[in-house]
Amino acid sequence: MKRALTLCVAATFAAATAFPQPAAAQSKAGAAKPPPTAVERDAVTAEFEKFREVLEDANPAELFEAKGEELWKARRGPNNASLERCDLGLGPGVVKGAYVHLPRYFADVDKVMDAERRIVHCMTTLQGFKLEELAKRPFSTANATPDPVALVTYVAGQSRGMKIAVPQKHPKERATFEVGREIFFYRAGSYDFSCASCHGEDGKRIRTQQLPNFTKADQAIRAYQGWPGYRLTGGVMHTLQWRLWDCFRQQRFPEPGYVSDSLTALLTYLAVNANGQVYKGPGIKR
Amino acid sequence: MADPMRIRARLEGDVADVRVLMAHPMETGQRKDAAGNVVPLHFIQTITAHLNGKPVFQAEVSQAISRNPVFGFKVKGAKAGDKLTITWIDNKGDKRTDEMTLAAG
Amino acid sequence: MTDLSRRAALKGAGAGTLLAAAMAAGLLRPSDALADWNKGAFEAKTVSDALKSLKVVSPAETKDIAIKAPDIAENGAVVPIEIQSNIPGTKSIAVLIEKNPFPYAGSFDVSQGAMPFVALRVKIGESSNVRVVVATADGRFYTAVKEVKVTIGGCGG
Amino acid sequence: MRALTASILGATTLALVASAAAQVVDPRSEAVATLKRDFKSQGIAAVDRLDEDGVQAICNRSDDKPPKEIAQRLESDQLQQIKYPADGKYLGDWKTGERIAQDGRGMTWSDKAGAPGGGSCYNCHQIGLQETSFGTIGPSLYQFGKVRGYGTDVQKYVYGKIYNAKAFSLCSQMPRFGHVGALTEQQIRDLVALLLDPSSPVNK
């Protein structure tokens, strides 16, 4: 929260002192046309917002919520069990409202888990699926939506309209938040990027895409609002696990492990920052 | 078998404002899969809506309709308890019919 | 636009069931069965050829067709469009994306108990006019356009 | 130069560690250890990318606000590592430059080794007015030459800035495209031309 950075893939010709001003600059400056103003840029954003509402009004994510509910209740896997005994933090089988309290500490594993990680945990412990198998193809393609994706979408949809209230009582919950914050600001890789490079300052865009400042509640909620979300590009359903995975790709980092501690920590940082905001249900994204 | 549609209808007087979501890939025949093979044309061609068995809305469409299509239309002369049935048929002959009962707005 | 008399006749005879049976028996391909799916119009590569196949004759420009679509689409793969016709006797609403490889995107028959309104979401390959053609019960045609710009969205990485 | 970076880093780290000594667990060390446990090499993106170099380490430990004297020493260290074109020609072809500016590929685990990447410039900057899809993380570069002038000194500065932005502002958010081999000498020249060729649309 204390830090403020900026960027995706190019530049800041920022430092005012760094540029040697040739004498010609001042004399020619008067002839130059000014670039489009902030107001004109905002018009594009406003247009997107207007039609995003139209898209949200009938979100294909609902198709995946329905699929996820079917999967939740079906007896599946080597153990031929349903997920109806899965404890998402509010007790075995309680789905309603569970999502807005995740990630949280689970005593049975002595760990903090985010929603997708917990669902995958239930699939392995209750139904007998193998994590290594689930981790082989964890993300949606044009041809297939992995089961955890539909399940997360269903679980998230069951907290529609509720306030984000991610707990920070257990020491491990607080420690996970701290680690998440450090990862968020950690600059490394070929392009010197951190998460904050794109998501640490207000009112910025990559190309036409607005970049929420995740250090603030009213903007951190937008990450939660977005994912799980139906992505217009490719027309597939994606979760926060996918979003972070692809962010790290574009951050020029190596590949993060599926449902790993690093991602839980980042999601905890994000979710705690969004605390108090109302969750509207699975999103729709470009 | 195709996944069910999600149909929502809001009654405003005797007009039902209908939104329907359909699960369909709507392949253009131009996309290549991960292996580089062209994915064949596969898309919904016709849509019909019936109110209590009487046709009220019909459409013919192309592969230009977005994946997982969404359509909206407004049916006149509708009331609570009426049955709205929607059917789509695609270019492979697959079809799906779903029904919902209008609820008082 | 769509041949309504033929469609009505097919439905009236309960022909759908017969056609499904014929298709199942391999006697007909789906495209044959959908006799009222206007193959010629859908396969036309230009707007004028598509309109010809749709038997649209000299459509008149009008302000009585309201087209709600984004000036700049966030993603060309899913562009929401809402069309409201205020022309009395509107029978059907056809949508053409002028710059798409196959411009004709579809037609909506609202003559049997629907309001002259339709909402849909379409793919627009590049910035293009969206052309709407309304046919009326008395055989007239009206048209309006709305330009939609398509942009590059994310990092492109 | 490596030794210089290391010694500055060492001193700074010691100071910061000392000030944080009261804490039971150091979240930063925990975070880095967690990353190294969870991340795997994929394609051209190997796990060694998680290791900070000197510049990243100083910026990470100072919230991107390094003490002035350390910043200056490291900036001049980075400046000395810039390889300017041997023939002193900084200006390439602006049309090629525009394509490079549009191209956001390069250096990710889904990019192939040795495949030509782009500069991703429009992701963060407004450049030519014809491209309305531009980012706002960096300042507008529209009319860059017209405003700043077209002289060799400006050309050399822009070449250097694209090659290694950290030589001019240590914790700049702009990648070091030449320094890390993301762009070739000719590609950087073409980008310089996009900003500084008087016939480029940027300067119309």
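A, B, C and D label the chains in the order they appear, each numbered from 1.
Note that a residue touches a chain if its C-beta (ideal position, glycine included) is under 8 Å from a C-beta of that chain, and two chains touch if they have at least 3 such contacts.
Not measured: the values here are computed from a predicted model.
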Result of counting contacting C-beta pairs for C-D and A-D, higher pair: A-D
Chain centre separation in whole Å, for subunit D relative to subunit A (CA means): 26
Centre-to-centre distance between subunit D and subunit C (centres being mean Cα positions), rounded to whole Å: 50
Distance from the mean Cα position of subunit B to that of subunit A, given in whole angstrom: 31
Overlap residues in subunit D, where contacts from two or more other chains coincide: 104, 108, 120, 122-123, 132-133
Multi-chain contact sites of subunit A, meaning residues that touch two or more partners: 8-9, 44, 206-208, 232, 234-235, 249-250
Numbers and ranges of subunit B residues touching at least 2 other chains: 19, 66-67, 70, 72
Touching chain combinations (by label order): A-B, A-C, A-D, B-C, C-D
For the subunit D and subunit C complex, residues of the former touching the latter: 102-106, 108, 118, 120, 122-123, 132-133
Subunit A contact footprint on subunit B (complex, rising order): 3-4, 6, 8, 19, 21, 23, 25-26, 31, 33-34, 39, 66-68, 70, 72
Residue ranges of subunit A in contact with subunit C within the complex: 8-9, 44, 47-48, 50-52, 54-55, 206-209, 232-235, 249-250, 286
In the complex, subunit C residues that touch subunit A: 70-75, 77-78, 80, 82, 121, 151-157
Touching residues on subunit B, where the partner in the complex is subunit C: 15, 19, 28, 45-46, 49, 51, 54-67, 69-77, 89-93, 95
